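These notes open a run of structures that come right after.
What follows is a pair of complexes built around chain A, which joins chain B in one and chain C in the other.
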Partner chain A sequence: MPLDTSAYSLALLRVDGRRWNELRRIHAQIRTQAAADGSSYLEMGHTKVMCVVNGPSEPGPRRGGVATGGGGGGGGGQSKNAEVAVNIVIAGFSSVDRKRRGRGDKQVFELQSTISQALAASLHTHLFPHSTINISLHVLSQDGSLLAALINAATLACVDAGIPMTDYVAACTAGSTSTYAANDEGADPLLDMNHQEEQELPGLTVATLGDSDRVAVLVCESRVQVSRLEGMLAVGVDGCKQVREILDRVVREKGIKMIQEGTVERGVGLNDMELD
Partner chain B sequence: MPREAEPSANEKAFLLKALQDEQIRLDGREFDAYRPLELTFGDEYGVANVSLGKTKILAKASAEVTVPFADRPLDGIFTIATELSPMTAPHFEVNRPTETEVLLSRLLEKTVRRSGALDTESLCLVAGQKCWSVRVDVHVLSHDGNLTDAACFAVVAALRHFRKPDTSMENGVLTVYTPAEREPVPLGWLHSPFCVTWSFFGDEGETALLDADWMEEQVRVASVTISLNRHGEICQIAKLGGVPVEAVALLQCTSVALTKVKEFSTYLDSKLAEDAKRRDKGGFMAELRAENDRVVG
Partner chain C sequence: MASSQHVLLSPAELAYLHASLSLTPPIRPDGRSPTQFRPLVAETGILPGTNGSARICFADGTEAIVGVKAEVERTRTRHDFPSLDEGAEGDDDDLEDNQHDVVKGDNDWVEMTVEIPGYRDDDAGTVFLSAMLSEALLADGEFTKRLWINRRFHWKLYLDILLISPPLSYPLPLLSLTTHLALLATRLPRLKSEGDEDPLFDDDWAAAAYLYPRPAAKKGSKKTTSFATPTARPPVTLLVMAVGNNIIFDPSKEELAVADVALAVSVGESSNPSSSTAMDIETEETKGHHNLRILSVRTIDPPSRLTPPGIPNASNSAYGANAAGAKDTEKKKQQQEQARTAESEAVEGVWKAPRGGAKPLVLAALVQKVLEKGGVADEVLDALDGVDLN
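Moving on, here comes the complex of A and B:
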């Protein structure tokens, strides 16, 4: 697939006109679905995902193809910790080529399992024994950084559902401007890769917990020089902090709006908070 | 659906206390030490038997001529099939892939196949019509933790040991020679990736161990599998959730992993050379003898 990422060195601008350290536009909404316990809609550039969280609730009948994590003993909801069940639906119209994915698609299963285990470590699952938290994610449009967008959307929906958690799990991708074969030292790291860049350049997905440098998810699926990992990881972790700020702002704005509309009571500790 | 037997609360507590208070692993290994890794090749080409402590894995490579995929007429077909049968552990069932199995096969796929270790273009015989389909079957004979590293080593060993029948094209006629007619040829191999898995323990994942056994795998809070080759290229990193770990610790893990991968690489090379020597009966002078039987092995 011949794409023109080689022009980067001329103006230091990427194919979509961003600099190396710029995120794409992130637009997020929470509480989009009235019927669900928690819901969110997130856009990272042209990657658009929706998330619906139900639970913690009594576990229903088990269905196949749902990755679960967090429960110490696993199935049946008999464990001390709540089970985090993640289900991902990738819409047929989400990418350029309509790819039919069977129920047993391993790649989707891996995504589900990753999100489930990443959130299980941040959510306080020990507060809800014998129960299940159902997270269902819908991919409406794909343009790179899919795993990152899914993690961010799931985090927002969990916040909306009011499930106690340690901190936001914020994710983004990072890449490198040089292809894996070339061993040039002058390669710049890139933040937040789109689909074109993901096809051509090595990259990784990082998710960190809150403001810290602690990495919850690190997935790299391309060949890259080991010396370039440090730069990519640093840029990725830094990007996660920016993403966390954006997610936090979305949650706060929605909270303020709900107080102003009178949907919820103004909390006792919130008297000094500005509502504009 | 049978569930995996869990270690008891006492066993878990004992292991964690030994690790965190005494800095000792239950089997007395160093934190960054592997269990003894052993590799034996079968009599046939492409059979590798790997044991890592009590974990035992058999990988067998095979090849057949088929029609290539319509969207990739110039590429051969390469598949890795993993099977965790009830022989491995009672909770594995036939035809119902567990999470362990799916993640293992994805990991092998990313490490060996997507990193381009096998040159699939060299498997093409007639563009769009005939190609080799190379398949590696991974059988887990005994499960005592760290299946990924052992399975990856076994797959790479089996593929590098494997010889496919020689072929020739003359006037549009494709001939596949039996081993008696022509010596089989090795696969087009580009680089040898190996997996190294770190397991993390403690509330913040501050203790990192290499090559966790089954017991340690049950207690760990997170793990990261790093695939590298000896040229220092990362082929894949997978930290799929779990307790968050400091980014700096992950970088350190990667650099230690690189030294381990170099050891694996040297070990595999020496084993392959040893096996080649064993199969080479008498060298060039033996080849020249009139009564030479062309079948080797």
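Moving on, here comes the complex of A and C:
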């Protein structure tokens, strides 16, 4: 479906009615699944993903059938660091037209290794030698910003699993309104692209570490003017900070709820926390 | 994902579990009665991008999501089929009248995939699971008829079954129940075109018809139920196992590890004319009296066959008197003979993996138990009726 990009300059509103610097609705839950060590569910607009974390655990017997996915981050089972094995399942019903992805899909493979490396850098993998952290991600519905949603969901699930990490890895996408060079001054950077915008416009996915400006992941798969890259990156990093706030709120709300319900004991140093 | 997952239980533990499950009444590790299902949480219509979707969480934490997507596909023309031109040449009215006879389905119209994290999609266990689930669905040939649009087009139904959690127990009942709910919630756009035209559909989703139509709400009794019970329903596959003389439903992983026989029984509800005439009777009366019939039965290789056997004390060289003076050859010979008998004979309290196939009598008893009026299958179907389908 061709996107009428010229309409943007008229009202400065995007196809879904957002301004250039607005995120879509982000809704997240953690501890959605009792059987796993950590789990989360995340919606960014209509992109819906689920994450289940198991581990750190001893790497099981490697049978032929077990696919460890992109085990790029960290080392193998015998190394000093825990291996972060990411497995992504993109459901056939997730996109508008049903498209089945085979096991050896290159795109999925790249997503897996990107997430694996990003998390391996943030998690304290050196605390768990000779072990594996299994992260399985399920994509239930796709509407752009898939990699960002997957990173955010994986971060939340790792928090739920109680794996020590330096800070949240929060991700979001940024794009630019114009695809051609001539319209340089009129081009606005866009925050959090949906599927329609991703099809038409250049965009990148950026993930930062916590509140800092340290970029953990930067993926750009489209052609873009170098002059626009800086603006896009700045908007993206700003978006990541907003996303981090949202993720942090989700974790804190769940924590307070768990203390109130008596699931966990109130720890030391939590007395100053607002419990209302 | 095979049924024979590795269970970390010692022979002594297996023997204990087997003994307690063979008691009358059996004592299950989680305190359930033999016919009791694990409690579950279910919801439908979770994914607006699909024609129908459902999610079920069992109490042990296993979770599955099923999404159904439908696409219009051109039906392959057959050579033995009278061509359309011939029919048009004759009289159109005759064709219209005969339309009900023409309705026929094809098993290719349904595609089912099972995704289990950590397992390849061509893993033997995964393929077996999806074969079992689709076999039950296609068994009576009635289901594919629902996908018929006209003589030139049909719906192609894609069923994607995702297991979200790691497979803690054999996921067959979970996947089957979730598929059942997703199919009940599946809606297809209402057809606007007529006859053999290229299909044109109503774009109002509210007007979309359920794949499994439910009877129109009665005018008189508003308060009975907010949702109507569908007349026919998709099949449910139940996992049943036998230990000793006991029949146990919905076994957990540990229970399956000591099963003598494990069966996957697919049960459907036959839509008979007598029940449709009795539609005016209150729904409460008809509850618990589903017209059940068997669609398919599969034996499942229980993991108990792969468990290590225990050794009776008599033949254990590291135990008691044998450990002290087992030096002379006489005794050793004797011991070897004892060991041989121990291998072939069952010793009380010592675990021995079951051997041989299922006995016909046991199979008959298992199937009988599933079909029982007011039995487990009835109970499960009633419970699934309680899920709001929107």
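Throughout what follows, the second predicted complex is superposed on the first by the 256 of 276 C-alpha atoms of A that agree within 3 Å, B and C clash if a C-alpha of one lies under 4 Å from a C-alpha of the other, contacts with A are read in each partner's own complex, and residues count from 1 in each chain.
Criterion: a residue touches a chain if its C-beta (ideal position, glycine included) is under 8 Å from a C-beta of that chain, and two chains touch if they have at least 3 such contacts.
Predicted, not measured: the structure shown is a model, and the values here were computed from it.
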Which of chain B and chain C A:L204 touches, first, second, both or neither: first
Between chain B and chain C, more extensive residue contact with chain A: B
Contacts of A:S113 with chain B and chain C, given as first, second, both or neither: first
Which superposed partner A:V215 touches (first chain B, second chain C, both, neither): first
First (chain B), second (chain C), both or neither touched by A:N134: second
Partner chain in contact with A:A34 - chain B first, chain C second, else both or neither: second
Touching both chain B and chain C, residues of chain A: 67
Touching residues (chain side chain A, partner chain C) in the complex: 33-36, 46, 48, 50, 52, 54, 65-67, 87, 89, 91-98, 100, 103, 134, 136, 138, 140-141
Sites on chain C touched by chain A in the complex: 47, 49-50, 53, 57, 60-63, 65, 67-69, 71, 113, 115, 117-123, 158, 160, 162, 164-166, 168
Of chain B, residues touching chain A in the complex: 1, 3-4, 6, 97, 99, 102-103, 105-106, 109-110, 114-116, 204, 221-222, 224, 228, 232-248, 250-251, 254-255, 258
Residue ranges of chain A touching chain B (in the complex, touch as defined): 67, 69, 72-75, 104, 106-107, 109-110, 113-122, 180, 204, 208-209, 212-221, 223-227, 229-230, 233-234, 237
